[in-house]
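Shared between the two complexes below is chain A, which has chain B as its partner in the first and chain C in the second.
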Partner chain A sequence: MTLLDIAIPSAPGRITWNREAIGFVVGFLLLALLPLVFGDSYSRHVLIMIFIYAVVASNWDLSLGYGGVFNFGHLALFGIGVYVYSLLAKMAGIDPWIALFASGVIATLAAVLVTIPILRLKGIYIILVTFGFAQLVMQVIISQSDLTGGTQGLVRVPGLYLFDHNMIRDGKLAYFYIALALLVASTLFLRLFVRSRAGASIVALRDNEEYAISRGVSLVRQRMVTLAASAFFTGIAGAFYAAYQRNASIDVFGMSLATIILSMVLLGGTSTIYGAIIASFVLTVFSEAMADFGAWRPMITALLIIVIMLVYPTGLVGMIRAAWTLVAERIKRRA
Partner chain B sequence: MPLLEVEGVSKAFGSLKAVDDVSFAVEAGEIFGIAGPNGSGKSTLFNVITGIPFGPDKGRIRFDGAEIQARPGNAIARLGLARTFQRETSFDGLTVFENALIGASYGKPGRGATEARSRAVEALEFVGLSSSAFGRLAGELSVFDRKCLMLATAIATKPRMLLLDEPASSLTKPEIETSIGLIRRTAERGITVVLIEHVLTFLMSLSQHLLVLNQGRVLAAGEPKSVIADPRVVEAYLGTRRSAA
Partner chain C sequence: MSVFSDIFFGGLFQGSLYAMMAVGLALVWTTIGVFNFSHGVFMMLGAYFAWQLVAFGLPVVIAFPLAVIVMAGAGWILQASVVRPLIGRPNIVLVVVITTLAAGSLIENGALTVWGPRSKQLPSLIEGNTTIAGVGVSLHQIAIIVITPLILAALWSFLNRTRLGLALRAVAQNEDASQLVGLNVTALYGLAFAIAASLAGLAGIFMGGYRFMNPSMGADPLLKALIVVVFGGISSISGPIFAAYLIGFFEAASNYYFGLYWTPALLFLVLIATLMVRPEGIFASRSRGLA
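So, the complex of A and B:
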């Protein structure tokens, strides 16, 4: 069964494909116009980082939100992308675009490998094993310092290229559009997946494992599919990050990045994909706006998250839905 | 050859023998009843037959000629042996339609999207869920509708045999009447039904054969009339009632 073969043509109670497609195209067109508004390379840098975070967070929403699999090694998949790309492009001298693609593939394989030890586990034990997996990947990278630069990381990692366009003196325009393309491709893939029968089956497993199995769903296969599907674009995002920053550092395995991305998944509202993307914008822009507050910044951000989650337990998406209903009612009353 | 053959099946939880050396056979096309006081091992028997969540410690189970006691639950389901659960169960995050689509898509190997879709719709209509309910989240349904939905997801897998675990529990009188009709029509579709119920009268009106369990063991088996006339069955039931009082 391929992904498209099993896509559900129309599903009662869900937004129609047509409507979603319109929203999707309009939304991403607006994003594509942003460089017209933001001419400076600093703003563009922030937007590029938002796109990378959005890819990583929305893919985490697939395994965590839809699949209910507490994969706390998700950022390790990102880290694998960073290092696979850096090693292939810098040490092996492979074409950056091929290295980028290979990073996605290797991250996917790594995700399939982690699935094996967690198949018979539930909840907190999955957190433990996946967290251990992230630590293991990091330790391996540190120990192979001849290749990976150990705790120093790697510098002068080759960047991406587009024909003979100058990637450095274009005010980050090329990287902006590559990052956006990455987010578009990833989001398209995720939405198609969650609206497919395979997507419904991973929600079924999340909601009631035994019941899903009794209807023929294979826990082993669908768990693997879940983690593998969440890994590909995460790995590519890691590779893109390395190419964009021109370096690789083990900081990507640290708690602080994982915490930021996890806040995006939760603040956005799980099991929506779009929520994580919206939250990547909100949190990053908010954090940039609060730059003057120095040490207060993380505390203010944390407070904001807590308040939003208390008022809207389904996150930003819940907030937007509530606002939408309110507006729709006003319009109706007036008409 | 019987459709389902259970031979010397046992399952223990520590020192408690929940199912103890149970044997019986179900012929294709019949409604087969299983009775017994609460805690007599009826649900555990369904669990070990379907491999969900575990198979038997001992014994052999043959379904449609294939030995299934060591197979995983999803593989058993795909052979055409479906079950319901005693408590109403649903995929709360999915819509009614998607719930049925899971059964239709994963229940039997090699099925295209269009066919699965129409099978899901057919199963939902069969149990009486109207198309206006298709888009609702399953978690929002009433107990009765959720029980019907659970039956629909089973029927959507296109089973040869259906194991129903106390379909009438926690339902009102009229709902029970509807359930009885639904079970009859399920059997008329050519699906062999094995029905657990601890209320004997419910089974009497439906089943052609009856098995009574007590403390994990077969107490009596055979024609419903002769089974309930068995003094040991009477005693087991009266005994429970007394201890429950």
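So, the complex of A and C:
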């Protein structure tokens, strides 16, 4: 038995480590080859946005799906990333890469802070407090308009750099690979986390809190760990978003972005991590494909979300699994 | 003196609107156990229906009640399409959040397509202004301040004095037992949503009479109604009503002393502090099963 086997218990019915690792590498290698197919900067822009959404949505899946903590302030952590990066890189003149990292750290600290009031709470009350936290952050940013630009936001935020590479005239190639690297790092971290003992204990807390506590799982510590773990890459994604868009705006706290990302989490199927990533692809591409429909676009998207939630409560991953079982049974019957 | 009565009237007026919204939210929560995130959109829809009926040439006395009745139907339809099929699922709270959010977005964008983005205004309930205790108020606001408690009292007596209302409360308390004694639980679910939607629609009509309406007008009232409901506790109807007026006064006072920008932040701070001390809300009795 290697150290890895001891540290990470395997469970029956789960995909083995080797299989998942192969799927992971193949999947992301395919993504890395996408710029060969999509040469124009518009498609690459869509892909970059997909990667950012995927990071935010899959990290949300950690607290919402695995942890069962209805954290509706997740987008505030993203927004904190956006503003911390913008303030550090623009106002304080700190190196963009250091600012990027610092945004993740500060988002994590904010997540720890918001965990304190919700330690005693359950279910719907957590939704309301975290929702309140998000509004609080937004109001503070709006009221400090000397620094943050208030409702106007900040413009001319410094972008990222890579040695002497020209980030603007490469058809967004460099930003594409930075975004992809971010998604790879975040997904690797999330999958390792949820397959670890800590991951098992937060699922135990979600499924049977009393029993988990009686078996020695600390609710306070694990809830903090869950939210902090889901915050780091969310904050970095926010910082990257600001660096890529070259501006910071109060819109990141709005309901429309939260609704889109939340539907990615639920549409993909909670407690999968991969589901959220797949759903961000599907929803974003779908939404871009319908650009001609104008006012009908949000309505069709909303209708799609409702239909999928009604027909496949386990989301896209559940849909794929159901299809796979069907195919596998056909093959078995043939043999 | 003028400052005090300014705050008093402002609080009373805002509190009335919040109470109207929050009661519907609490009604749906207690009976079905879900939060209806399209409640704000119902408010908008009620106002637009009323506007449309008035535009057709109907007198206000007919148009407004008719819009409220139509809203009851809209609430029932929403419940039947995006809430009822999900009942019994383990993660219903979360799934209903997303289906009602999506339904809200659908209706809001639909309203935008049908009625356009240009702001509209409804006729006031009563035209004219008056001065009470040194404050100038419109008669429309006075009408709202007077009508709201009457409607809430009617709702209270419906829930406590009629068989149908008692059946609704029975479902809220224990669904299985209600089914066992022969109550039509699905129909009562629909009824809860219908009442909530018509109350929201009425709140929309009230609001459309003194402020310009646009398709996203329901977002802020929904947020406030959520705060009110958490603040007052969701296990009863009276808790949110008291909380609504309390928050109305708080907001009016805070707007005056701390300014418009800091009020929402202060409100949320108070909310978070309340939840840390009394998670079940300040007016709720400590009860189990309110997770």
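Note that in this section the second predicted complex is superposed on the first by the 324 of 335 C-alpha atoms of A that agree within 3 Å, B and C clash if a C-alpha of one lies under 4 Å from a C-alpha of the other, contacts with A are read in each partner's own complex, and residues count from 1 in each chain.
Definition applied: contacts are C-beta pairs under 8 Å (C-beta built on N, C-alpha and C of every residue); 3 or more make two chains touch, one makes a residue touch a chain.
Bear in mind the structure is a predicted one, so any value in this text is a computation, not a measurement.
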Using the superposition on chain A described above, determine whether A:330 touches chain B (first), chain C (second), both, or neither.
neither
Counting touched residues of chain A, say whether chain B or chain C comes out ahead.
C
Looking at the overlay, what does A:131 touch: chain B (first), chain C (second), both, or neither?
second
With the two structures laid over each other on chain A, which partner does A:271 touch: chain B (first), chain C (second), both, or neither?
first
Identify the partner contact of A:143: answer first if only chain B is touched, second if only chain C is, both if each is, neither if none is.
second
Is A:219 touching the first partner chain B, the second partner chain C, both, or neither of them?
first
May I ask you to decide whether A:263 touches chain B, chain C, both, or neither, giving the answer as first, second, both or neither?
second
Tell me which partner A:123 touches in the superposition: chain B (first), chain C (second), both or neither.
second
The answer for chain C against chain A in the complex is residues 29, 35, 81-82, 85-86, 89, 91, 93-95, 97-99, 101-103, 105-106, 109-110, 112-113, 219, 223, 226-227, 230, 234, 261-262, 264-265, 268-269, 271-272, 275-276, 279, 291
Chain A contacts chain B in the complex at 5-9, 11-14, 197, 200-201, 203-204, 206-208, 210-219, 271
Contact footprint of chain C on chain A as seen in their complex
64, 70, 117, 120-125, 127-129, 131-133, 135-136, 139-140, 142-143, 255-256, 259, 262-263, 266, 270, 295-296, 298-299, 301-303, 305-306, 309-310, 313
Can you name the residues of chain B that touch chain A in the complex?
50, 52-53, 72-74, 77-78, 82-83, 85, 89-99, 101-103, 105-108, 112-113, 116-117, 131, 134-137, 153-154, 156-157
